[in-house]
Structures are given as C-alpha cells and as structure tokens.
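Here you go, one structure.
Labels for the chains are A, B, C, D and E, by order of writing; each one numbers its residues from 1.
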Amino acid sequence: MSIIRSLKQLLIVCLLSLPVLGHAQANDEQAQSLLTQLAESSYGQKGKIAGEIARSGDERARGWLEAFSAGKLARIEPSKGDAEGSGKFVIVLSNRGRNWKVQDALTGDDLGEISRRDLDSIRVNNSLRSEIDGILSVIDLTVNDADKRLAAARGLRGNVDEAMAKKLTELMASEEDADVKATLNEALAIYKVEEQGDLSAVKTLSGSLNSEARAALNSATYSDDPALKQAARDALASIETKLKWNRAAETLYFGLSLGSVLVLAAIGLAITFGVMGVINMAHGELIMLGAYTTWGMQQMLPGQPGLALILSIPAGFLVSALAGVAIERSVIQFLKGRPLETLLATFGISLVLQQLVRTVISPLNRTVVTPDWMSGSIMVNEALSLTLNRLYIIGFALVVFVGLMLIMRKTRLGLEVRAVTQNRAMARSMGIKATKVDIMTFALGSGVAGLAGVALSQITNVGPNLGQNYIIDSFMVVVFGGVGNLWGTLVAGLSLGTINQLLEPWAGAVLAKILVLVFIILFIQKRPRGLFPQKGRAAEG
Amino acid sequence: MSIMSELTHRDRVFDFLTPTASPVDVRHGPILYLEDVTVSFDGFKAINNLNLTIDDGELRCIIGPNGAGKTTMMDIITGKTRPDVGSVWFGSRHNLLTMNEPDIASLGIGRKFQKPTVFEALTVFENLELAMATDKRVLPTLTARLTGEARARIDEVLTTIGLTDLRHREAGILSHGQKQWLEIGMLLMQKPRLLLVDEPVAGMTEQEMERTAELLTSLAGKQSVVVVEHDMGFVRSIARTVTVLHQGSVLAEGSMDDVSNDPKVIEVYLGEGA
Amino acid sequence: MLKIEKLNQFYGESHTLWDLDLDVPQGQCTCVMGRNGVGKTTLMKCVMGEESVKDGSILFAGDVELTQRKIEDRSRLGIGYVPQGRQVFPLLTVEENLRTGLAVRQDGSKTIPERVYELFPVLREMKNRRGGDLSGGQQQQLAIGRALVIEPRLLILDEPGEGIQPNIVAQIGEVIRKLIEEDGLTVLLVEQKLPFARKYADRFAIMDRGRRVAEGEIAELSDALIKQHLTV
Amino acid sequence: ADEGPIKVGILHSLSGTMAISESTLKDTMLMLIKEQNENGGLLGRKLEPVVVDPASNWPLFAEKARELLAKDKVDVIFGNWTSVSRKSVLPVVEELNGLLFYPVQYEGEESSENVFYTGAAPNQQAIPAVNYLMNQVGVKRWVLAGTDYVYPRTTNKILEAYLKDHGVADEDIMVNYTPFGHSNWQSIVSDIKTFGSQGKKTAVVSTINGDANVPFYRELANQGIKAEDIPVVAFSVGEQELSGIDTGPLVGHLAAWNYFMSVDTDANYDFIDKWVAYTGKEDAVTNDPMEAHYIGFNMWKEAVKKAGTTDVDAVKDAIIGVSVPNLTGGYATMMPNHHITKPVLIGEIQDNGQFSVVWQTPSTVAGDAWSDYLPGSKDLISDWRKPLHCGNYNVVTKSCGGKSEVAAE
Amino acid sequence: MNYSQSWLTRPFTERSTQIFLGVLFLAVMVVSVLHLVMPEGSALYVSSYTVTLLGKYLCYALLAVAVDLVWGYLGILSLGHGAFFALGGYAMGMYLMRQIGDRGVYGDPTLPDFMVFLNWDSLPWYWHGFDMAWFAFIMVLLAPGLLALVFGFLAFRSRVTGVYLSIITQALTFALMLAFFRNEMGFGGNNGLTDFKDILGFDLRTDAARLGLFIATGIALAVGYVICRAIVTSKLGRVSVACRDAEARTRFLGYRVERVQLFVFVVSAMLAGVAGALYVPQVGIINPSEFSPLFSIEIVVWVALGGRATLYGAVIGAIIVNYAKTVFTGILPDAWLFALGALFVLVTVFLPKGIAGLLPGLKKKTDDESEAPTSGKEATA
C-alpha cells in the first residue's frame, strides 16, 4: 500500500511538471519494447513501466494506458497466429465471444477478428488500475473542464504528501472554481492535520463529512498536543451529529425505496386480487415477463440501453397485459364464482410460465444493463448520496400508483369492475359488459405487473425465479394494506419497507425480515382487515 | 386487554371450563331495558338517545321510517354493534354491553334478521338442528347425538314453517319467502326468552301473514317478542303496544290506534293514504 | 311488450317452470302473484337472463327473442330490473350504485336523472354512504332508483314494497302509475300484497307450482281465485 | 449385467430455484457422455445418461437418488449443487453403495466412502483467497458477507479463526448474513462503505449465493464502491452468474476458483469450443463446477478402465491415485480422502463477464476434508484406502470416529 | 347422515368411509405382501424404494386431509400448514438425531454433528428429552398443537378471517422458515437434520423398518381420516360449515365460533405434525424448506385438485400430484412442469369439484333415515 502510494506520488509530481503528454512522435521500436516490457514483467514492475510509457512522450501512450487499465491491451501470441501478426500489440475493441475484434496498437490498423487462443492479454490488477487512474487523473487537475478537476481533486484527499502539498498550494492560487478550490483546500488540510498536526487546519475540516477528513481528525485525537487533541475531538463530535442525521435520512431513503419496490410489485395484484378477487399466483410471472421484455428490448437495441428501457415501459405493460388477457380468457373466465380455485389454476400457470422461460430463453439470469442516467448516485453531501436507480423507481412507483388511482377512481372501468366483482349477475342486469370489464381489468392488473418487472429489472435478477421472489411479499402487502384499497397497498408497501430498513441495522437482514413478519401477524390481530379496512355493515356482507 | 392477561384466562380457551351462564333475572321488572343509547356511524347518529323497555312476556311492535334505526337497535341488543354511550340490560342481572354475540345468544336472545340469512350449504333440517337450544360448547357439540325428542321438535317446527318436504334440501335453494320461514323456524328452535323479529312477513302472502301473526301471538306470554314490521295490516293484527322510532329515538308509543292517529307518525311514516 | 310462451326452466334436475305462458301488454302493469316458492322470482330471472331456460320463447317488443340475448343486452333493450332481496352493490356508494345504470341509457347522459332523487330524497341525502350500510328499506329504494336510472321501457319489479315504509310504498305505486301513463312504461310486477296489487296493477297472473294458473284484468281477481291459489 | 450400456445418472435440478446453476451441469454431463460415446464408449460399451429432475427439493433429491440406484440401476451418479441436497442424498448412496461425483465448492467436514468431491474444499478456495488479499493487496479489515446457510457459515468460521491467527483484531472483522434470494442490499452495502472508510484497506469476502448476487453487485456499483477501494472477493460467483449481471461497473472485483473460462490453455479452449458447439450458443460460458464434472468424469472413466469393470467397489478402489489433466494446464489427482488436487486461481472481473487471473498458487493444493481451523475436526483425517478405510479417523484417539462401534462388532 | 349415532362410531356407518378404509387397507396389505413374498426379480415385486415412496405419498395424504379439514369444512384457507408438518418432522428428526449417539462423524456421544462442527459445547435446553421416544412422540403432537393453539387463539379471538387469516398463516410459516435457516436456532440450519441411523432400535436402512414405517403411515392415515370424518359428520362438523359460510350468523345462534375454529385448527395441526413425523424417517431429511410458503400453497393445491370438503378428495389429490411428480421428474425431466401445470389448469377448468367430483356415488347426501347411497361399485369404478 505505502509502496504503491509513494510510487504514485512520484509519478504525479513528474506528470505535473509535464504540461501535456508528449507531442513528439516517438519511434515505434521504442514503443514496441516498452510494451513488451509491460507484457512480460511482473505486476510489481508493471507500474513503473506504465510510468515510463506515460513519460515517453508518445501521443499514443494515453490510449495504451487506458486499454491496459481496461484489460484490453493484448499481444498476438508470438508462437501462433499468422506469421506477420505474431508478437504484435493490439488494442481489443470487442472482447465478447471466442473471436475478438482488435486493432494494431501502434499503427491503429484494423486487424479484424482474432481468435482468443492467439491473443495474450496483458494482465492488469486493481492496484495497477488505480495507479494508472491516478496517473491519468492527475493530468485532469490541469484540464479546462471544472468537473474533471473537481473529481481529480476529490481523489487527492488522503493521498497528499509533502511534494504534492507544495504543488497543490500553487494550483490553488490559480484555481478559479470555488468547489475545486475548497476541495483542494480540504485535501491539503487533511495532509496538514495528519502529518503536521496543524491546529488551524482542524478548523477547515471541522464541518467536513469526508471520510478521509474524519480519519485525519481521528488520528489527531491521539496527538500529544492537548489543544490539537481537543480541537479534533470537538470537530469530530460536530461531524458525528451531522452524520447521525444523514444516516437517519439515508435509512429513510432506503426504507422508502424498498417500500416503493414492494408497492410496485404489489400494486398490480391489488387490482387482480384486491379488486377482482382472483388469487393470482401467476402475478410474479407477469412481473417476470415485464423484466424479460426489458431484456428483449435491450437485445433489440444494442448500445442504447436507455432508449430500450424507456420503450420497455409501454412494451412491458403490453406484453404482460396480453399474457393477462390470455390467462383470463383461457382459464379465469371459467372460474367465476369460484375464487379460491383461481389459486389452483394460476399456480399451474405460474409453473408453466417459469419453465417456459427456462426452456425457451434460458435457465440462467439475463443481463439487463442500467443506462448511464440511472447509474450511480446523486450526492446530497459527502455522507449522503441517493442511488439513482432507486430514486427513479420511487418516482416510477408513485407515477404508476397515481395513474392507477385515476383509472380506478375517475373512469367508468373503476366503477364497473367493482360492481361486477360485488354482484356479477346484478351488474350484468344493469347493462355492464362483465366479460369486457373482466378482460380489461385483468389486463390492467397484469400490465401493471409488467411495469413492475421493467422497474425490477434495474435492481435485481432477470431470471426464471424472479416472480417467485416477489409473489409472497406482494400478497402480504396487499392484504396488510386492506384488500380492495389501493391507498392501503401504497401505505402498506412503504411502511413495511421502512420498518424493515429501520430494523435491519439493528437486527440484521434475516432477523429484520422475521420481525417484519411477526409484526404483520400481530398487527392483523389489532386490525383484522388490514390497515384500511372496509368498515360498517357493507363489509360484513 | 393485554395478550398476557388473556392467556392466563384459561377458561376463555377451553370452554368446558366456562361457567354456564346464569339465568336471566326478571324479578325486578322488565326483561329488556335500553337507556340513553346513542350510536353513530361516521358522525351520523343512527340511534339517538334511545330509551326502551320491554316487559317479560310482552309482544311489542316497533315501526318507523326506513333508516329510523330499528335494525341498528337489534344489532345493539344482540351485541353486533356497540353503542357509543348508554346502557342495555337483559333482566336486572346481565349488562349486554359487556357480552359478545354468542354469550348474548346463550342468555336467550334470539333474532331473525331482516335479510334472511341461513346456512346455505346445510339442509333445512340441519339449519334447525344447529339452532336448537342445547349445550353449544365445543366438546358437547362434537359428541352430541340427536335424541328422539329433539327430532320430534324439529319435525314439529318443520311442519309449522311448512318446509317438511324440503327438509333434506340445501337451504341455499330456497326461495326468498321460504328462507324467511326457515329463519323463523330457527328462531323457534332456539326457544329464546326474548325474540327479536325483523320484518317477518316481507314477501309473504296475506294468508301466510295471518299464520305468522298467530304464531307470534301464541308465543307471547311465555316469551317476550319484539317485532319490527312495515306492514300495517300485520302490525294491527298482533299489536298491543306499538313504539314508533324516528331518527334514532322514540317518536311515539302507545296502542295501535293512538299511534296511527298521531299526526307526527302520519307525517313521517304512514302517509295520508294509510 | 313481453310475450312468454311455453317456458320451461330447470334448477339442475328440478323442473321449476312448466310450459309457462304470460302476456305483458304494452303500457300496463301486470302483476304476478303466487305463494312462496312457486317460481315467480325464477320467472323474472328468466326474463332478465340470470337463469337460463330449457325451452320456450320470450318475445320482447314484438320481435326480439330474449332467450338468445346476453343479460347485459337485455338491459340495453330497455329492461330495468329490481330484483328480490335488493341486490345493491354493498361497497359502492349510493351515487355509484346509481351510476352503474348510466351505461345503457339511450341518450348517453352522464348524470343521474333528477327524478330519481325527487322520488327518493333519502338517496340524495346518503349519496356518499355505501350501499351496504343503508337500512333495508333504504336499500330497496336504492334498487328501484337504480333501475329507473336506465329509463327502461319495461320495468320488472320483484316485490318492490318489501321493507319500505308505508307512505313510500304508496308513493312508489303512484310513480309507477305516472310512468305508465306519461311515458308509456310497461311494468311486470311481482307482489303478494293484494291491496297494492289491486290498486296499481292493470292485470294479474297467478302462478302455482311453476305453472300459470290464472290470468286476467285485475278486476277479475276474485276471492275464489285467491282462496284457491294464494292460501296455504 | 456387464452387457448393455453403462448407465450414468445425472442428478441436477432442472426446475426450481437451483435450476439456474444446475441445469448447465446436466448439459455438461450430456456433452461429455456424447463425446465419450463418439469415441467408442467405455469398456466397449455405450454410455447411457439417465436424467432426472430433483426440482430443487431436498427430499426429492434423496428419492431420485434412490430411483437412479435402485430402479434405473445406474453405475455412477454425477450430481448435486447445494450442500443440503448432498446431505440428503448421502445416506442413500451409502446404503445402496452407489458412486456420487459432487462438483461444487463446499464447506468440507465430510468424507464419504461413496462420494467423490471434485469441487473445492475450504482450503482450496477460501484460505488462499484470503492469503492473497492479506499479502498482495494489503487488506487489514474484513467484511465476511454470506447467505445464511451452512456453507457460508462454516467458511466464515474457518476464515475468522484463520484471520485471528494472523493477528486481525475483532473490530476489524464484520460478519453479515442475509437470507436466500435477498434483494435489498442498500443498508448492508452502506454499512460496508462506512466500515471500509476508516482508513484501513478493507475487502469483502463474499459467500453470497445464487440470486442474491445480482442485486448485491448492482447496489455496490450504484453506491460507488469500486474494486480499487473495497474489493469484493466472491466464492460463489462464476462466469455463469456474471452472465446475468452487467459487469461494466464491477471491473476489478474478485473471485477465487480453481478454474476460469479465461484460462489460457489449449485444453481449455478445446473444451470451450466443444461446449459452444454442443449448446449451439456462441455466448455460452463455462465455469468451475463444469470443470469439476469434466475432471470427475474423466477420473471415473480412468478408474473404470483400470478396474476393467463398473463395479462400484472396484471403481472405488481403483480411482484413488488416478490423475487426469485439468483444464488449467495441470493434473488433478484423486486423494485417499476422496477430494482432489486443484490449483487455486484468483481472478478479477472484466467488463466482458470474464475473469482475468491475477494470481494463482504455485502448485496444486490437495483438498482437506476436515478443516484444520475448527476445533472439532482438526484431529480428523480421512483415508479410504485399506487398512485405515475411514472417513473420519481421529489421529489423537486413534479411532475411526463414528464408526468405532461398528468396527468393534 | 345418521344423526343419532355416537360421534366416534358414526364414520364407520358411512359408506364412503368404509370404502376408503377398505381401499386403504387393501392397498397397504397388497403392497406389504408383494414386497415380502415376491422374489426380487418378479414383475409383481414391490421394491423397498416403492414402499418408501408410497409411504411418502401417504404422509402427504394425511397432511392434505388435515388441510382439507380446516379449509373444506371450516373455511380457513391455511397457507401455513407446512409449518405444522415441519414441526412434527423436526420433533421426529431430533429424536432420530439423538438416536445416532456417538456414531456421528465426530463421535460425540450427545451432540449431533452439526453442533460439534459449529463449536457448540452443550446441547441446547430444547434438545433435552428427545433421546426418549415417548417424549419425542408427544412433542410430535405438542409442538404443532401448541403453535396452532397460541396462533389460533390470537387470530380467532381477533376475528381474523378470510385472506387475512391466510396471509398471516403464510407469514407464520415464512418467519419460521427464516428462523430455522439460522444456524443459531440449533436445528442444523439449511442442512437440517439428516443421516439418521435408527428408530425405536430398528435400523432405518433395513427393508423391515421401511415396511414398518409404511404400514404405520397407513394406519396413521386411517386413524386421521376417521378422526376428521368423525368431526365433520358430528354436529360440530355442521357448526364448522356454518362458521365457514356465515360466521356472524353462527355466533347469533350461541356458538363460540372462535373456539370451534381453535379446536378444529389444533386437531388439524396435530395431524399435520404426525404426517411430518412419519415423513422424516422415510425421506431421511428435514430442513427448513418444508416451512417454505410455496410448499404450503402446494398442499392447498393438492386438496383443491382432489376436491375440497370431501377428505378423500384430499387423499386422492395428494397422491395423484405427488405420483405425477415422481413419474414426470423421471421421464420428462425437462418438461414435467408443463405437464403438472397443465394438470392443475385442466382440473380446475373441467372438474369444478376436483377429481373427487368424478366419483358420483360417494358425495350424495343421505337421509337421516339412512337411505342407502348409490352403489359403491359405481363410485370406485
């Protein structure tokens, strides 16, 4: 660790003195020999050679280093391959399958596809990768893009040494962006507190939520200087309070996001089961179909995962809704007035659908890519970031909920489906086309399950078991909320999610889950008809 | 009530440990006594400060507009609905507000529902059998055998309600009127001290009404009967005292003639034509 | 308006309606009578389509063979039904209960006709209460109101007065008459209470054990007939 | 009985939760059998696969094993993935004297006369991996995260003992268990992040199994935990699991196995080519348990040839000491304790769903049935050769564990 | 129905029970005789593999009967009966583990292997007593019975009904599954209890022990069936049906519905426990997956498929589904779920009364005057 670190800093200093990577066109022989050294030396040596490559002034160097860092620098096996290509260094353009697309590392010529057998990848590991990232990012400290500078500055915190410190002071003077400046200042302060026991720097760090800053302050509390010790302690204490609030906010966020997943999974069931009374054991598989639709879309639109995901929203709805219609027409319609038996039939359907996916697609999980705009997190502050995929899902769940609510409340379908389930014969006598209502409602519930699948594909497995993992939870949420009440489903999902997340840090994941279940059992004793029960004579029938 | 304290109430789990209910005490006056009862649903007062007294052996008719609170009153007496305030006593010993439905039923309060509710999967015979006044705890029920006497009683009631031919048919197939009769039959089987009869003659022909009237009057004296009915002809034929409920409280009370000439009653209930 | 011929109906194996004929003339109120369990309700359900018939025909408005139609189409033809036992939708509010009838209105109106509320002011008062929470009589009023929402040509009433307070029963009778006279409504009524039948019906038919045993103008309903078929 | 085909039972779940892992192994076996038949079969007889589906249901595993042995009279069984399924089958193969080849890494603490363990024991996977992290990466703080069942629990127990032996303090170890199929990793990953930001190099040792992995890695990526900062080394995530994950954000996280698809040997490339041809899918992946079956099948084949019969007792005796090439360029030998020798490889995840090997043991490691780091078993050894012929011989009391009574009779 | 018979003898006067017991007796006899008498090569020989398999089906059948008792007659759709089955199984498993004694791999005389291997130094308190058969067998009834009593007491007292009850039974079994997965619980975690050696002194691996267990299961099923039949044909049975169809109305007749429910629920749980206890030595393993909610749902599916509220339908359903599973997983390993799923769908759509609905003679309600049911031959043909 320390070896690597000082090595890196050595490089940084060197690189900072270099204005930009070289202009001169170095000769290919030198390059070939450097790359050969890189290929043949041990991991311990490779860092140094990478540094040499960077300093070689070759303008292709950055490309090589990036490829190397990504594991995409390779050499055609000297003993194999066609005579002319053997021993050549190549950059791998595509590394999927048995034949890889490559281009000549030196000339940039497209070499077409070469069998994996004939390629030797130049091995890289984590520490090398971070070394190279360091090399590349330090260069970024002097680039024009303020965001890049900020990122580079952030990376420096906890990595500053004496030589760096001087350089940083200079850089700060010329830095115009306030954020970058503050971050550089913080990086410097961490160094000062840690290495020099500088009391004034403690003040700079006192509000910081950065973990390196905390580590620095922490080390200062062991200092011999009582003033420094006390200042560091105070600073830590104030940070600790801040952190507590942030943690609370984080837990709440986790709870809501888990809750919104539960709501999404359950909300379709709140229609098919809660409103129509069909005990739809295939609900999970309808979710699964939505998730597979997302996968299918991404297969059809390679390289455009975001667009595919957006298109999957209508497509997933449609696919599941159609599947729902098929189920309704082929089975459920024959079970009118026998709601309990829908359990038996839909259980069968769920088995068939699962196995169908295993046979037709694959028993293995499928990869669904998260588009860039949904990856990572947005940072509220250093101690609190909200993961983007979950944030989108919370929003999506709410949109779906509101949409459904509007359909059930404001359209005639909502009225008719309730009339039909409460008294089918009478509803028909009132001219309501019960069959049509059944189809539309089941399609709606199923389609919403499909939407849930689209969302779930962004956080969990897309595989044949997807549905099974959600079916039990879905029923629990619907029932806990009070059957037939969409608000109940929303509140139940969100509160169960939050309770789970509140318990988890304290009890562990397994126990938390058990406790949530016990909570449900006890809660139902107090409210035998769920959170939002149907009250009055009407409910007793 | 906390779970723990209930768990220690062993007698609430095993009914063979439950003491049998003590008989109703009517030495000090009425058999049923409602005082200042009020119940509201979401702010709507269905029963408003209701006071009512039924004497032992009395036959009382209760009339009143739709929604006056007649059925709700029966719900309160039988433990289905809890009033917000007020007290309800059965005899002078039993505070009905502290008891649940089966306890109240075993004290001897039987009820015929406005909307006939019978056990549709059971036969007519079995419906009557279940209603029969016997030991209704779990183990005695499990080991119960039908004695000749009991069978005779069922047969008798079957004849009374005119369903002898349908005795082994499932109650679910009965017509509306037949279900009404079956409910009356179940009430008879219970041999309650107090019968609460909600609209017994709805859907019956004039002649059936007469039969029902006879039946109810013959019960009075031994048992106390409270009848709710909208058919004035029927009420007239059985009524001694009539109570008129309106908006959850008593509007008028007296003989049929008094009541039917009361202008308030005519206005809210009978209408000019009646 | 409605012409039933040789209608046979079975519940499983039990033959409930036997070769039943019934004529319901346009613009009149025909009252079906009979003891408990003779098949009155069953007959109404056959007309509405809730029970399927074995054979026979039910002609509506001269030429529409109802037995070939689905239930929901029958109400679209203009048949309103007030079933025995009210059958309100318990968990829908009163207003929603009424709105279920809007689907089949010929004029496509989206609002509940004022007339319904005028006839049964309690329904307006309790617009937002759930149907199942209403008292028995209120539910019955709701059931009748709901059938009126569709503005039917033929109104089937299965013991409509059941559980309704006397003054409103009388009012219902008056309304029926008014609709018949003003709008040319046809009414098929099942009623046990003779005074009501006598007062508001034009014709009667008596059923006994699944057969129609008598028929005629209401004035012809004699004590002898009553004694023969309506007493136990 | 020596005429007709030699029957090979295949006991892998093709439905239910484990199908995701096991169905590939069924296909692997079918491929190996097909190939063998094309090469003339074995002992001049054809091999006939008998496939059944124990449906991820543990009692059904026992029932199906009995069906294979008693009804179909198979000569050998290749099967099982989860330890519980093996535990369920074990009494059956022992009672009916069958042969079972078990291809998956497991928690050890077992050695049956009738079972051959071709997957890794903890000393062939977990311990070397931790050594790598400790010595090469400089990890000082450890998160042991696993699915809550016996394999992770035992592995972590062994690791905890091992780490403490190597001077790791209690507060530098965080242990966390989650249920099967756990999908909500938010707070755990956040905890790991906090735990790892105390200034000491931290790594996560993951014995998370099955479906829980996808959401786990996704959460890691989204909360921005990079392999350079807090590497995760997994024992149950192979190429097949990665094929269901978007590995872009996971580059650099690690796994320890005895085989990787990316291993650069001709044997391996040939195997991959055959597999791709057999499945007809250009993107089909191979993984460690497949290699284990490959080795197990070849060992059994050699033993049968050596014994000249498929008779179970003869094969059992003949197979000890049999050496066959593995796919990583070395040899696997069946040890007397029914475990085999394996190289240990550490690989880093790459963006194409493959691992790139960053470290490997200089030579193969022999599987240890009884862990040296558990007090109850450190004195036990297993040797199925005569005269010891014992799966749990206690070198201190000099008796054959549970069988002492039987021996005395 | 004969209303004046004593409740315990009443089932024996019923044609359907007579036929059921007769068929069961015959089947058990035939299997035993063929197993014992026929030479191993013979086509008629019943192998001990088959005997054990049939024994397993009979366990499932008893479990299904227990579920049908509460679902069919009391209207409680229990989605957690697997929990009672598993508890009975664990009680038996604990006994069998203790019987291993020092023959475990570590040779510890008291601690089961998994405890040694997880460094437990002594037996947890709840494992004491399970070395004695009588104690274990009582626990087979008591453990599920007590759980059902406590759970049922709370739920029925609070008048939890319908899907709400179903879901909390499901939550119950789910929670237990997660709990039993935990090694800290002391029940062997996911690996469960396995590698049993002998029962009541008989080596479990012998054919005789297998046959004995099979016959014992047959007897248990017969007794369980008769108990259930006795309950459902008693007046209590009719009260149960009344509770099922109109719970509130039953209260107004003076029946304490919650006690009726509790009684029947506890009886059913105990029967499920017995089924579990007999299941474990025959399949050789008990692990938390028996608590899995999906298994409990599957039990309900057996009952529905066989025909709800008939009891014998439950038996038929359990046997058919599980037999189909055995066969299909062997001959159609890749496609058996299609077959099974299709079976479920087809039965629901085309046989509204389940498979039992195909047996017309048995279901007829008979007169209290004991009018003879339609010919039994027809019914079984």
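The rule is short, and it goes like this: a residue touches a chain if its C-beta (ideal position, glycine included) is under 8 Å from a C-beta of that chain, and two chains touch if they have at least 3 such contacts.
Owing to the predicted nature of the structure, the values given are computational and were not obtained by experimental measurement.
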item: Chain at maximum distance from chain C, centres defined as averaged CA atoms; value: D
item: Chain nearest the overall Cα centroid; value: E
item: Pair joined by the larger number of C-beta contacts - B-C, A-C; value: B-C
item: Chain centre separation (chain D, chain E; CA means) in Å; value: 36
item: Whole-Å gap between the CA centroids of chain C and chain D; value: 75
item: Chain A and chain B, separation of their C-alpha mean positions in angstrom; value: 64
item: Cα-centroid distance, chain B relative to chain D, in whole angstrom; value: 73
item: Overlap residues in chain D, where contacts from two or more other chains coincide; value: 14-15, 148, 177, 179
item: Contacts with 2+ other chains: residues of chain E; value: 154, 157, 178, 181-182, 248, 334, 337
item: For chain B, residues contacting two or more additional chains; value: 41
item: Complex contacts: residues of chain D adjacent to chain E; value: 14-15, 51-55, 57-60, 62-64, 66-67, 70-71, 82-84, 87-88, 90-92, 95, 109-110, 148-150, 153-154, 157, 177, 179-180, 374-377, 380, 391-392, 394, 397, 399, 401-406
item: Sites on chain E touched by chain A in the complex; value: 77, 151, 154-155, 157-161, 163-164, 166-168, 170-172, 174-175, 178-179, 181-182, 248, 293-294, 297-298, 300-301, 304-305, 308, 334-335, 337-338, 340-345, 347-349, 352
item: Chain A - residues contacting chain D, complex; value: 1, 43, 70-71, 95-98, 116-117, 120-121, 123-127, 129-130, 133, 211-212, 214-215, 218-219, 250-251, 254, 257-258, 261, 354-355, 358, 363-370, 375-377, 385, 387-390, 458-465, 468-469, 500-501, 504-505, 508-510, 513
item: Complex interface listing, chain A residues touching chain E; value: 281, 330-331, 334-335, 338, 340-345, 347-352, 354-356, 359, 468, 472, 475-476, 479-480, 483, 510, 513-514, 517-518, 520-521, 524-526, 528-530, 540
item: Residue ranges of chain B in contact with chain C within the complex; value: 41, 44, 64-68, 70-72, 114-115, 162, 173-178, 180-181, 198-199, 202-208, 211, 230-233, 269-274
